[in-house]
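Take a look at this one; I'll ask things after.
We call the chains A, B and C, going by the order they appear; numbering starts again at 1 in every chain.
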C-alpha cells in the first residue's frame, strides 16, 4: 500500500509543478499590468493615442509614432520573408536534389538560432553603411526591414517546409500522373494543401517580428517620428522600452509598461491566430 | 497559342526563380558569417577570452563577461530544468487530452512561448528586481530567462516522452511496477533524447538573449562575486560596445564571433539530436 | 447462454460474470461470463478484433492504463472482487503476470531486466537476486544460452530469446497466473516451437490464459478453450469448454465452422 502513497505523492508534486509553470504567464500579465496601472490611471488610455507626441518629460505620451514604426517594420519584413520563405521551402521539397536540400535545411535551422544581437550588430556595421551611401543616415526603416526579414525567414521556411513535406508525397504522384508540370503541381496542388501550416508559420514569424527588440534597436535609428520614406529612421515599441527603461521614473516608467502590455496583447492575438490556422492544418 | 510550350517556359522560369531565391538566402548567411569571421577572428584568442575588458571594452578581453554569461545561463537552467521536466512529465504521462489542468497549462505555455523577450525584461525588472528585491543581479537575470526558456524546454521533453512506445508502460505495469519507479528507471532514461534536445535548446535560447537581460542582470562588466551581483552577459556586451562605445566595433566583432560560434555549436548539436532522435526540426518542434 | 460448462476437476480461479469492456462508447467485448480453472491452460481463440486482448487486459486491470477504457460487470480472482477501486493494483499484477505479442524487453542489460522488477518488489539481497535470475532463466531454458553475457543489452537477443526473457522476467516474480497474448505470433517457427514447449512445461505450476490465432496450437497446449466472436458490433463469448468438447463436438454453429477452418 505504501507504494501507492509514493505514486500519489509524485502525482501531486507533478501537478504542483505544472500548475506553477502554467501560472507564470499570469504572473507576467499581473506584474506588467500592475506597473502599467499607474499610468493608465493618471494619464488615461486615450491620451496614449491622442497626445501630439511622445515627450515623457513634458507629459506627452502618444505611442502612435512607435506603433506606426512597429507596424511598418513588421509588415515590410513579413511581406518580404513570406514569399522568400515559401520559395525556399518549395525549393527544398521539389527543386533541389537531396544532397542540396539537406544541408540547405540545416543552414536555415542554424540561422533560426543566431542571436538577435548578432544580426543587429552585423546589420549595423554592414547594411547601415551600404544604405547610407544611397541616402544617409543609413539607420532606417529599410535597414530594420532587411534585418528582420533575415531573422524571421527561417521560421517561415521551416514551417512551410514541414507542411509542404507532409502533403507533397501523397499528391505529387497523382498530379504527375495527370501530366501536370512541376510548377503547376506545386501551385495548384501542393500549396493549397499545405496552406494551414504555412499560415501558422507566418503568424508566428509575425509575432517574432513584432517582439524583436535588439536587431531593430540597433539598425533603425530610433527617432520618434512617423517616417516619410524607407530611408527615414524609426523607433519601434520594443526599442522604445529598451532605450528608456534605464532611466524612466514615475509615470514615464509606468507608460513603458503600458506599451509592454500592448505588445503582449498583440502577441496573444497572433498566437491565437496561429493556433486557429494550425487547427486547420490538423483537420486539412 | 501553344499551351505546352508555354507551360514548359513557365516551368523553366520557376526553376530559375527557385534556385536564385535559395542562392540569395544562402548568400546572405555566408556573407554574414564570412564578415564576422574575417573581422573578428584576428582578435579572438585565449587571452581575449580570459582577460578583463578595459577602456569601456575597447581594449582587453571578455573574461568576466564569459563568467557572468555562464552564471546567468546556469541559474536559468538550474531553475528551469526541474520545473520544465516535471511539467513535461505531467503533461505527457499523467493527463489525458481532456483534463482541465492539462489543457490550461498547455494553453498558457503556448502564450508564454510567444511573449517577446522585452516584455520578459519588464516582468523581470518589476517582479524579481523590484518586488522580490533582488535588484540588478545575475539571479534576477537567470530567473527571468528561466521563465523564458520554460516553454521550449517543456515542449522538447514532452515530445521525448511521447516518442516512447506504449508497450514500455504496459509491460512495466504488467510487472506490477509502481508508476514512480517506471518513471524513474524506465521512462526517464528512454526520454533522454527529448531531455537532451530541450536542455541544449534552452541553453541556446538563454545564451542568445539580450533584451530580457538589459534591465534585469545589468551592465556591470566586473567578475561577479556572487549571483546577487550584477553581471554583463556576452550579448549585452556586444550591444553596448556597438551602440554606446565609439571605437568599440573591433572588439564587438570578436565578441559577436564568439557568441555566434557558441550558438552555431549549441544549435547544431540540438538540431542534430532532434533530427536523429525525434525526427523533427528544432524550429517547428 | 449455451456456453456455461462446468469445469471438471480444478476449481475456478477467475470468475467473470457479465463482463463488459468499453473504449469510450464502443464496446470491445460485452456480457462475457467465463470461469478459468486454476492450474490449467485456457486458450482464447476467435477472429481478429473480437476483444481477446481486451479481455486479457481486464484480468490484470491493465485496461486502467488505457484512457477512456471502462470495465463493468463482475470479475473475481480467487473469490476477491478485482474490479473494485480498493484493489492494490501492484499486488494484483504481481499475482497475474502478462506476456505480450511482441517481445518487449526493456532497454537494459539482460540481468537488469530480471533484477529491476525484483528489486522494486523488495528483493535487495544480491545473492538472492543472483539465484532468482539463474532459476528463472533456467525455467525458460535460456540459462545455458546466455549465462556468459548477462550484462549484454537485452535488445541484442533474438526475438525468440527476448520473448523467453520476458517470460523469465514474469516468472521471477512468482505469479499465480500468466496471461499470454499471442506469445508466438511474432516469432519464427523454430522459436515459436520452443516457446510453445515452454508453456506446456509450465502446466500445473501456473494458471495460464493464452490468446492464440493458431487453432492447432490451442489444441496442442490448452485444457480449456473459449471462443470469442464479434456479434452486433461487440465481441462475445460464443462457446467455452474443454478442448475435446469444443473441437470435437462444438455446440455453436459459428464455432463449428471456425474450428473446421470454414470461417474466421
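In this text, a contact is a pair of C-beta atoms (placed from the backbone, for glycine too) under 8 Å apart; a residue touches a chain by one contact, two chains touch by 3 or more.
Since this is a predicted model, take the numbers as computed values, not measurements.
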{"item": "Chains linked by the largest number of contacting C-beta pairs", "value": "A-B"}
{"item": "Chain at maximum distance from chain C, centres defined as averaged CA atoms", "value": "A"}
{"item": "Chain occupying the middle, per Cα centroid", "value": "B"}
{"item": "Where chain A and chain B are represented by their mean Cα positions, the distance between them in whole Å", "value": "16"}
{"item": "Cα-centroid distance, chain B relative to chain C, in whole angstrom", "value": "48"}
{"item": "Whole-Å gap separating chain A and chain C, where each centre is the average of the chain's CA atoms", "value": "55"}
{"item": "Interface hub residues of chain B, defined as touching at least two other chains", "value": "178"}
{"item": "Shared-contact residues (touching 2 or more other chains) in chain C", "value": "90"}
{"item": "Touching two or more other chains - residues of chain A", "value": "3-4"}
{"item": "Chain B - residues contacting chain A, complex", "value": "7-8, 10-11, 14-15, 17-19, 21-22, 24-26, 28-29, 31-32, 35-36, 39, 82-84, 86-87, 89-91, 94, 101-102, 104-105, 108-123, 125-127, 131, 147, 150, 154, 178-180, 183, 204, 207-211, 214-215, 235-236, 238-239, 242-243, 249, 252-253, 256, 259-260, 263-264, 266-268, 270-271, 280-284"}
{"item": "Parts of chain B lying in touch with chain C, wherever the complex brings them together", "value": "96, 167-178, 181, 185-186, 189-190"}
{"item": "Residues of chain C touching chain B in the complex", "value": "60, 62, 65, 67-68, 89-94, 97-98, 100, 102, 104, 106-107, 116-117, 120-121, 166, 169-170, 173"}
{"item": "Contact footprint of chain B on chain A as seen in their complex", "value": "3-4, 6-7, 10-11, 13-15, 17-28, 31-32, 34-35, 84, 87-88, 90-91, 94-96, 104-122, 124-126, 150, 153-155, 157-159, 161-162, 181-184, 186, 201, 204, 207, 210-214, 217-218, 238, 241-242, 245-246, 256-257, 260, 263-264, 267-268, 270-271, 275"}
